[in-house]
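Both of the next two complexes hold chain A, though its partner changes from chain B to chain C.
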Partner chain A sequence: MPDSAVLDIMTPTVEGQGAPDPLAARLGALPDGGVTAPARADALSRLRAMGLPRPRDEYWRYTDPAPFTAATPAAQPVDPAAGDPPLFSDLDRLRIVFVDGRFDAQASDDLSMSGVSILPLSQAQAQPGHWVGAAYGQLEQAGQTPVARPFAALNTASATDGVVVHVTGRAEKPVQILYRRSGDAADVVCHHVLRLDAGAELTLLENGLVGARGNLLIEADLAPGAQLHHVAALRAGNPRVSLTHLFARLASGSTLKSFTLSVDGAHMRSEAVLDMAGDDVVAHVAGAMLGDGSQVHHDDTVWVTHGGLRGESRQVFKKVLKNGATGVFQGKILVRPGAQKTDGYQISQALLLDEASQFLAKPELEIYADDVKCSHGSTTGALDETALFYLRSRGVPRERAVVLLVLSFVADALAEIEDERLRDRIGERLEDWLTARASGVAG
Partner chain B sequence: MAALDMPEIEVREGVDRETVETVANMGSYKYGWETEIEMEYAPKGVSEDIVRLISQRNEEPEWMTEWRLTAFRRWQTMVEPRWAMLNYPDIDYQDQYYYARPKSMSVKPKSLDEVDPKLLATYEKLGIPLKEQAILAGIEGAEGAPAEGRRVAVDAVFDSVSLGTTFQDELAKAGVIFCSISEAIRKHPDLVRKYLGSVVPQSDNYFATLNSAVFSDGSFVYIPPGVRCPMELSTYFRINAENTGQFERTLIIADKGSYVSYLEGCTAPKRDVAQLHAAVVEIVVLEDAEVKYSTVQNWYPGDEEGKGGIYNFVTKRADCREARAKVMWTQVETGSAITWKYPSCILRGEGSQGEFYSIAIANNAQQADTGTKMIHLGRNTRSRIVSKGISAGRAQNTYRGLVTMHPRATDSRNYTQCDSLLIGDKCGAHTVPYIEVKNTSSRVEHEATTSKVDEDQLFYCRARGMDEEEAVALVVNGFCRDVLQALPMEFAMEAQSLVAISLEGSVG
Partner chain C sequence: MLQINNLHVELEDEGKPILKGVTLTVPAGEVHAIMGPNGSGKSTTSYVLAGRDGYAVTEGTATLNGRNLLEMEPEARAAAGLFLAFQYPVEIPGVGNMTFLRTAVNAQRKSRGEPELTAGEFLKAIRAKAADLQIDAEMLKRPVNVGFSGGEKKRNEILQMAMLEPTMCILDETDSGLDVDAMRLVADGVNALRSPDRSFLVITHYQRLLDHIRPDVVHIMADGRIVKSGGPELAMEVEQNGYADILAEVADA
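After this line comes the complex of A and B, so read on.
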């Protein structure tokens, strides 16, 4: 369909007469996609057909899409003193650096590693016949039904760069995607494509400063028996606007474990869309989030589809909110007809450290098979005064006691990180943050 | 499991012949027969003229007619909500009757004794006592229940009109007003004017707005301050006319320190064409008052293929307007082809309490999207939700609920438990809770599980000589126990047998 025709359908329904098309303003000039060009054009048509979300949309009930739809992000000054976060710096890993959403060869490590072939998207798409042409945007497109995810289509259409990883065996060390920024008002759109062959294993780390507004997307296609471990930590102290999507397709016997740590920030939404197509799939998504201040709005939106037999899924999300922060959880377990012996579990919990903070949750189950075990739970409340009293009566100062109780609250989410070293790093990171802010908590 | 096949019906010991025959004749729905009686209809469709006509038939004052017309004009600007997990063909609102009454009711009978015997026989057949001297011996299926001294006042609504209300004089001695809403509009206009639409505003939602325009009858209850209603009150709704929607309106006001237990039952004949039912129930609970509202909803569910049945779009809401007010909703939803129903509590008064106990059973092609809203506005408010959903056949059953703790609702608490049970692999069970917590001293807990009927429990029952259906009924009754216990006794008995009957044919 020619673009103008699609736009004609869009214009009257979105803003009425005379108003500028918000989508056109949001898109700007699209990059030359090389072998991904057809997929990008498809994504653009999808996006035009679905339009950008509006505040009344059910899927955006608890998160205002406006900061994501605004034509340009609010400028956010770069702190020249801030270096790379030290979180994973002492681990033996292969580092791939993106500055303002573009691959930086100089800053990155040598991309060759046994069992893995890695290329930046900008280079892979320029190679005629590269496999990424066929894979790019496929899982994103599949993840658009039954609920539209327009920002994911926007990402596919407009991503400037990303990493293309083909894992054929067992990666000898973790691959780290490290984000850096140089400008005040960078709009960063990165699209990563991961392909894991049968039995392949990869640990993917993601951290750093993305930009004033980030739109990050991962597509992960796991062949039978493949294993992907993903640990992401987005940088603290940064009033960022960020959207992330993880689309995964899981063939029989494959395993995906993804954990995200989020500290502060401004307006964030993290979506995971997991298609457990094969039998005996294991899929865990977890997140720990600490938010301090009324500008913090953090949304975890998860959609897990059980399509095969004996699938095991877990969603574990913990949010600690203070000084007016808002936490959102929208989780879904969909069990398709025939997906018998499914074991689905979902827990979302919020700890509200003061009266101003709030937690909004919609934990959903949709089940079309009878021989399944699915449960979900959601709790919201304040710190347990009895536990606090217990610790204080044993000589633990109040501030320290609060830190300990908060750490124990998020422990279940951290336990989802399989690699002990990574788990410890994240735990230390959390403790540092809590200790630094404990005086505010204890007030 | 051959969930879709109707197994041969075996006569079990202790099941009376009539029941067996009725079941054999019409599947498992016992109330599918029709009363042959001459009816009067308003012209088909809905318009301002029809709204005026309904108002005129009820001999309403001008303000009431205007109130209806405002609602009707509003309704015309609204769009039917389609967010529920319900799949049904478009409803043609102009292709049905909005008012139907038995011809014999055109002259209002002075008492129930003057009502057409055919109508009275209808209620007798349904097991609803309309004679005051009759002590309720238990609603059908409850024979043998200890029923000494329990009396129930009944308002009998047949299609668009109330036939009459029992025990009115005795209730009046206690100061309790129990009558049809049409009578209340005529005799107690001040009370009606003050409270009608104060819980569910005219513009609340598409179906409530339609109801506000065209409601034809329903029940009105006023319990004066400090009065404990001397008997249980109940309304029995019967749809009989074909192609006719029923739009009833119930308004219950429990003044300071009063108490009432109210029961609602409903059935309809078996027909091939779906029929619309859009009711509104408003409950106002003042300081220290308590209202128990129990429903056994057993509208015709349609046949196994999903042909016919009632489309049930109901708005029920209680407003705990003052301190320590308490409301308890209990519902057993076994009927209707489509159920769209969310009895809610607005917990405004400090220390007020709301409870919701629900069993929703969907079999064959039934679809139910039901749940509750607990809106905590006042300090130290409490709510509790226990929902048990059972799906069988090809049915879809959804729990949809909202718990919201407003910033001022400090020190409040909610506990929610929703469990779903699936019988067979062609049905669906869904849970869609919304949880909004906007203060920290409140505690909200939500738990949900979905499972199938436990094989070990079934095996245990079967090893003791029960057949599969009996065993499932027993396990399901155990699953529902928390809710069944919350029902008044007569209803608990009926509900228990309904749970078994609704699931008949779901195992084989």
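After this line comes the complex of A and C, so read on.
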């Protein structure tokens, strides 16, 4: 059954001039959304109304939207020689594999697990009456106010696949979304929908190599007392254009802790929009990134809304930049009227390993309640020469000393990962990358 | 062991001379102390020997067992047997004390062509040495010097010295900020390391540390030079009369 939205998009809206419509070109053919079709059509019309971002938009001043708006991504050759030691392979987990953004049943584990029901989006939306029809795109849409996020609407409209997870109890093991790519020009749009019932617990891991370009989105709806731990690590050593979004709605007493490790890549933006709607909510979002080279541009854009009482939020972001890499942080804490006893914390720090690199930070606090504690800080600095000398005076070679000091710098962000095993894996991955770089081997 | 000859050093950025011809020889197995008023160049001497950036050597030499220290990177000086116990040990959050020490020990062994210690061998060695300095397992696990008291930091310096087994140890005001008990503990740690093939250069303001670590020779430094050398009694003289008498006597000579 043809979707009317599909027909609509194929027709340029600028009538009578024959000018190409960049949005239509960007979207291409849209998938049949099944039960999500109405939500997709709605996202498309919202997207049409807001338009694609332009460099002068308030939240796009520091990051050029062009690589995301281009009709097709620049091809990024798949390098079979680039080793990628599996990150979480020694953990008991349930693997869901996406190849070029499409679910690969053969490569994935059996999706049945007690306390959790899991389906790929492509299958869930084909089931008449599936709950994802009502949930799909809802949190993304809510997160469009007050700041428009066109690429998130684009994701909702055009996602080819994703994972749909309903957690009813305590998931017995982590769920891992593993991305693989086969083609040089894979343009990946995945949309994941997580629903956690009251008291449910899930650990979600996300890693691998997404594609030449990726637009990933997670919607997470947490009922009272639910807990979601999210650890993402995007693969090193490949030029990559990547957008990720996390939209979460947090009911009373729920907890969300999200950490993202990002190494290398080319043009990246990671957005988190957290709605702490209930009372006593805990929301932590953290990230560590390492960028080497002038092609690296990494942007963390976070919007945390305190809507309930006694909410505790933390934003902890660390960026290590060298050889002309650019880091961006735009972090907002909004405290709604009545959100008393809010405890909001935000820190963004950059370690510049040379003078060619730069860090742009825009912390924002907007507070409409009078009994709150909010703090924010942002620092940019070079390596501590005294610490470097201290390590070298003990016989640690300079290169190794720099690795240790970089690990020291990002330690606060890694500390946000609650699970020690996961924290150790991420720490090891970081150290491997740094060591390979220090000894001159491309990571 | 250590030979410093007519060493002239200035601050790289300001071109300000700090050391104006330091000459000093520390033979193997001896303990030498350097005392002197604030700003006389004691700490600068230790930094220049260890290879800290920011100083320009304009004249003179410094050798360790015949090797030219001034041409070596700090890590190479360490591997050659030099150790500097810092006046203000540096805190390194997020890096475990054990990880740090094992990295240092093995880096030195590697650069000397010796086999690296396995995790088991290292653990065995550090446990015994930490116990002597009353450093517990918890302190070894914590990040380097983070949350350590002044005394713990100095004990940690001595632990590093014990693990790295240098031949030339420089202690830069290791007694500063220590109470009597902590000082005794640190001094005991140093004394335990004294041996015929290991030398010490102890920089201090006070004679008290030298009650615990008995020096063979005491040098008085002033305005970038060694102005007087003598036995332990020289430290007593400073303690009783201050530097004024000695400096006046030198000026008259």
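The criterion applied here is as follows: the second predicted complex is superposed on the first by the 414 of 443 C-alpha atoms of A that agree within 3 Å, B and C clash if a C-alpha of one lies under 4 Å from a C-alpha of the other, contacts with A are read in each partner's own complex, and residues count from 1 in each chain.
One rule holds in what follows: a contact is a pair of C-beta atoms (placed from the backbone, for glycine too) under 8 Å apart; a residue touches a chain by one contact, two chains touch by 3 or more.
Keep in mind that what you see is a predicted model, and the values were worked out from it rather than measured.
In the superposition on chain A, A:Arg394 makes contact with chain C only, while chain B stays out of contact range.
Comparing chain C and chain B on the residues of chain A they touch gives the larger count to B. When the two complexes are overlaid on their common chain A, residue A:Thr386 makes contact with chain C while staying clear of chain B.
By the document's definition of touching, neither partner reaches A:Pro55: not chain B, not chain C. Contacts of A:Val410 after superposition on the shared chain: chain C is touched, whereas chain B is not.
Once the two complexes are laid over each other on the shared chain, residue contacts for A:Pro38 go to neither chain B nor chain C. Once chain A of one complex is fitted onto chain A of the other, the partner contacts of A:Pro86 are absent, as it touches neither chain B nor chain C. By the document's definition of touching, neither partner reaches A:Pro77: not chain B, not chain C. The residues of chain A shared by its contacts with chain B and with chain C come to none at all. Here chain C touches chain A in the complex through residues 50-53, 73-75, 77-79, 83-84, 86, 89-90, 92-95, 100-101, 103-105, 107-108, 111, 143, 160, 164, going by the rule given at the top. Across the complex, chain A is touched by residues 83, 85, 405, 407, 410, 420, 422-452 of chain B. Chain A makes touch with chain C in their complex at residues 384-387, 389-398, 400-401, 404-405, 407-412, 414-415. Those residues of chain A that touch chain B in the complex are listed here as 58, 337-338, 340, 350, 352-355, 357-382.
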